[in-house]
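Take a look at the structure below.
Per-chain residue numbering starts at 1, and chain names A, B, C and D are given in the order in which the chains are listed.
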Amino acid sequence: MVSIDLLLNAVVAGILIGGFYAAVSLGISVVFGLLDIANIAHPLFVITGSYFTFYLNSNFGLDPILVGLILMPLFFVIGNIVYQSYYHFFEKQGAEPLRGLVFFFGVLFLIEVSIIITFGVDYQLVEAAYLGESLNLGIVNVSYRLFIPFLVGVLLTTGLHFFFAKTFYGRAIMGVSQDSLALSLMGADPVRIKSVAFGIGIATASMAGALLVMILPIEPALGREYIGRVFAVAVLGGLGSVKGALFAAIILGIAESLTATYFGAAWSSGVSFGFLLLVLAVRPAGLFGR
Amino acid sequence: MSQPLLEVQQVFKNFGGFAALSGVNIYVNPGERLGLIGPNGSGKTTMINCISGLLTPEKGKIIFEGNDITQMTPHHRARAGIMRTFQIPKPFNSMTVVENLCIPLEYAAEHKTSLSVAEEEARKILTLIGIEALGDLKPTGLTQVDMRKMELARSLAGRPKLLILDEVMAGLSGSEVDEILEILFKLNEQGITIIMIEHVMRAVLGFSKRISVLNTGLNIAEGTPDEILNNPEVEKVYLGE
Amino acid sequence: MKLLKRFRIQNIVGFLMGSIFISGLFAPSVYAAEPLKIGLGMALTGGLAAAGKPAKLSIEIWRDDVNKNGGIMGRPVEIIVYDDQTKPSNVPAIYGKLLDVDKVDFVVSGYGTNLIVPAMPIVMDRNMVFMTLFGLAANEKFEYENYFQIMPSGPNPLTDWSEGFFKLASEQNPKPKTIAILAADSEFALNTAKGARMNSKKYGFEIVYDGKYPPGTPDFTPIVRAIKAKNPDIFYVGSYPPGSVGIVKAAKEIDLSPKMIGGGMVGLQYTSIQMNLGKTLNGIVNYWFWAPEPTMKFTGIEAFLSKYQSEAVKYKYDPLGYYLPPFAYAYVQLLGKAIEGAQSFEQQKVADYIRNNAIDTVVGKVSFGKNGEWAKSRALQVQLQNIQGNSIDEFNRAGKMIVLHPEEVKSGNLIYPFPGWQ
Amino acid sequence: MLLFLGAFLITQNFHNQYYYLAAFTVLQYIILSQGWNILGGYTGYVNFGTGAFFGVGAYTSAMIVKTFKIGKSAPFLELPILFIAGGLVAALLGLGLGYLTMRIKGIYFSISTLALAFVTVTIILNIDALGGATGLYIIRPRKIPFFTNYMEFLFLVMVALSIFAVAFARYIENSWIGRGLSAVRDDEDAAECTGVPVLKLKVFATMASSTLMGVAGAAYPYFVTFLEPISTVSLDVGVNSLAMPLIGGTSTWAGPLVGAVLLGIIQQIALVTLSPEYSLLVIGILLVSFVILAPEGIVGLFRKFRASLKK
């Protein structure tokens, strides 16, 4: 039995959660796709954002989205520092990217430990007036708890998209991903541009973290659960394509939502990864790859 | 001459919508020295990739020693005696130069020979090319010129019947070109058939017995170096209208 | 205070008897001072750390309590805890270390079935007493006689677990007819769902939806909507903390209001989650372990909780600690009392004592039956009522978590049907 | 051979179970690291999904234990049968991975192996016969002839397997196959054109690699006695089997061995000596500092050191 409103609601739910997936995976898309740096610790940066959001929200009553925004510059700086050290120890030495991967695994452990020591291991959530409410649009029902993350996710993606397309730094980042030699001949410093790009990637994590803690209770080990999904979205979208990441995230969201509605949720994560394997086997550059 | 060593018959190759080869015909007789020239983007490298097997043509046949090898894998062609160099050298960076040569020695030439025999053989080939001193270095430290010499040496290690050279002379000085040409003549005398793709006109004109000219995926001319030099169409292609 | 006195008398008697017995064999002055070592692995990092860390704290509170009173049979207690990182593969080596290198006198388990079972072969090899913390039917395959499990799920863990929930439902008028069952794809939740299925049959409910969801599901609205389309009278949920929160929120947003909702949701007992959900919790019926109701004031529980709560703030653990901590205290307390009761450090004698006696703990009088489970189930069903807001004061006193089942600890009545989301 | 005899003598005279239990994990990682390195180190295809192959081996062996009960009638035959079966089934999965290597390279390949691990978990979760999330109990025999304890026997078998894994990796590395694999890693086109059957070698490498992983997995059920998909097909297995060869050095068989022994032992020691957060901290710092200070791995560092001594 296929009822229209069930189907419609499933699709809407998929689109909403897709917006959130996009926000989480944006950072990977930028860092991994454009800079070829396998920052496996990205989900942990997201969780860090979540914990900061939780802390500022529960102690000062700040709105989670606001916290996400406030933290972006801080995360940008952190990203900068991480890239500088990565560059110093790996890229400059011409080390193979694989070694960088292990480095980020180490970083992942270090962040997890820092979170455990600073915030404890209890489940945490945030509060905001609108989080319990929902918006009824005829047969489609949209909860703010998911709608706000979707909206922010889309805004973030669009913003980044235009940043890459229109601004000097944005174009320079796109350029550096293709040919850093050519860029340095043009007088731009690839290292500086890359550290800006990395900073932007990490800055998106603070917002993604704020969104995450709005949707789900968080705990320090949660980051590991998200690694797979985050990478799946980034790859599906074609690494490095910000727009692609958004579309892929929404496709993944809809696929999961439809599976959950009609076949039982047990298969939904399998469906998304199966889908990923299929895409990789047929079109290795992803759905929207360059 | 009974039959050509290699025959490329009416080969087509497309990339997306772009026709890189649209019905090319080439042949080379045993022991011959063929030059293949044409402006950039005329399909020379695509042609070589089709001959060596890295690409499979959409239409047409490639015949080697009388056998249709159009669907054969590249490594089987290498074992059958077709060796090539790459326009942008593709060394095995994790190995020393000698080890680089051991790969074709073990795989293409004398399959599964013992390593020490292969190494000895490799050093002989390096001596022939004149880079015996580089044997124990890693390719990453080599100059462009040495890198190209190593590519040549590596393709020789496969004991080719047909050797295809994709711009080995690029960037070489005049004396170095002569040096390489001398080696190539010697190899040709030993019975190796050679196809040379080259932008260095002095080399290709001086070396080839016969030259074939490609433009936009088609043969436009063929003949002895002298004939080619005086061919108005070739002139048009190279100098523009 | 009465408890303390009895402790002392028992200890003195125990100490005297112990030393008389031992003095025949060894020089008592050396032996009496030797600490009684109890070893365990516990999830202090990784997925179960939120439960494991407070459990460790509770065990240490017990150790301090005992040592303040002269130890067990004169021997001060020493606890050796290793972090199993919530990884089963770490467990065998940890217990090997405890037994062969640290030479502990007794072992108890870590938290949860996954982390209990890997220790079983090693413990069984030596016929040791094995007090375990929240394994669900973990001993059914081993049938190990010296295994004792502190979770009050009862002799048939699968069905006893949700028995109360279904009994309550079946007593309502008109009797609900249909049920939807949703469970997290994890060991514990699936087992409760299995029990729920058996109980549905027993009490004559028709299952109209039976599904599971993978851990890490961020959005439950599609699932909840699919359930709403089936319009069940009862919604039985077996879930882990993130899912519990997600399901409650999604059900509220979509207004899925069956006549009864809840059952096996882990996490609703956690203070941080309670404070976040606040009024939304009202009306949910769910399993519980301990609630600050007048019927649940077992000897020593309040003293324990006040110690726990003052420590928990420092470490940012669950501030109230009503879920696991009393039982983590109880399972070592029970072991200690059994040693004293048996007047022996011998594994078999202690095990026999546990098997044959009802032992008083902070979670009540415990006696064991089949497979080392509680002889009689005391799986609580609690309904959350009268919650006005999100402050911690909403949850630290009586009248909020009303115990509905079992009869002997009942503290109030079920509000039926579910009054709708607030 | 000598090593094995030594290990045998140890089991006959030394009965402290802890060391067998701790060593089991280290030995398991020796096998996994060697397996990973054949594909990841020699051939250059970085596999994040070791857990999938390990898990498939573990589940195969668990199902055989449960269905056939060989342990009762032929206690010494059981483990070899389990290893062969676990290895074979994992090799089949490896064949699938081999197909992927045809189409996908580099980091995309790595991510698809990660996806493979997640798909494996989902599939196991949804097959009731495999116990799903509720898990499977595999009760290991309490006794076996000639040994005071089954664990000692299991340890001995693991020693034998590790020796085999190291010898196998060493053989591959020093044979024409290993040189071919290096050529594939360095440049697939150049390898093809110099006569290397790239596809065949890649399929061989994926299968050899996944067989070793499956074999390592086949021993696991008897070690934990309880299988559950999320902790069995875990990311940790993938991370460790990748980090160990990298720390040790990927270009030679000695690298994974050194890495597995070193990191494995450090992890075991950290587990029982440091307070929990600090054990994670130490592992994190070790990973970071090793990759920074020893870019060619410990073996590389050692070589450099020896070379500088010669000068």
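By definition in this document, a contact is a pair of C-beta atoms (placed from the backbone, for glycine too) under 8 Å apart; a residue touches a chain by one contact, two chains touch by 3 or more.
Please read all numbers here as calculations on a predicted model, not as lab measurements.
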| item | value |
| --- | --- |
| Both-way neighbours, i.e. chains that touch chain B and touch chain A | D |
| Per-chain CA centroid nearest to the all-protein CA mean | D |
| Chain A and chain D, separation of their C-alpha mean positions in angstrom | 31 |
| Centroid spacing, where centroids are CA-atom means, of chain C and chain D in whole angstrom | 37 |
| Rounded Å distance between chain B and chain C, as computed from the means of their C-alpha atoms | 75 |
| Contacts with two or more other chains, residues of chain C listed in rising order | 45, 49, 86, 185, 212, 214-215 |
| Of all residues in chain A, the ones touching two or more other chains | 112, 116, 266, 269-270 |
| All pairs of touching chains, each written as two labels joined by a dash | A-C, A-D, B-D, C-D |
| Complex contacts: residues of chain A adjacent to chain D | 32, 36, 38, 89-90, 93, 95, 97-103, 105-110, 112-113, 116-117, 224, 227-228, 231-232, 235, 239, 266-267, 269-270, 273-274, 276-277, 280-281, 284 |
| Residues on chain C engaged by chain A in the complex (per definition of touch) | 45-47, 49-50, 53, 86, 185, 211-219, 221-223, 225-226, 229, 241-242, 245-246, 249-250, 252-254, 267, 270, 272-273, 276, 280, 315-318, 390 |
| Residues of chain D that touch chain C when the two form their complex | 16-22, 24-25, 122, 125, 132-135, 137, 139-140, 142, 149-151, 220, 223-226, 228, 230-231, 234, 236, 268, 271-272, 275-277, 279-280 |
| Interface residues, chain D side, partner chain A - complex | 46, 99-100, 103-105, 107-108, 110-112, 114-119, 122-123, 125-126, 235, 239, 242-243, 246-247, 250, 277-278, 280-281, 283-288, 290-292, 295 |
| Residues of chain A defined as touching chain C within the complex | 3, 6, 9-10, 13-14, 16-17, 20, 112, 116, 119-127, 132, 134, 141, 143, 145-146, 212, 215-217, 219-222, 225-226, 229, 256-258, 260-262, 264-266, 268-270 |
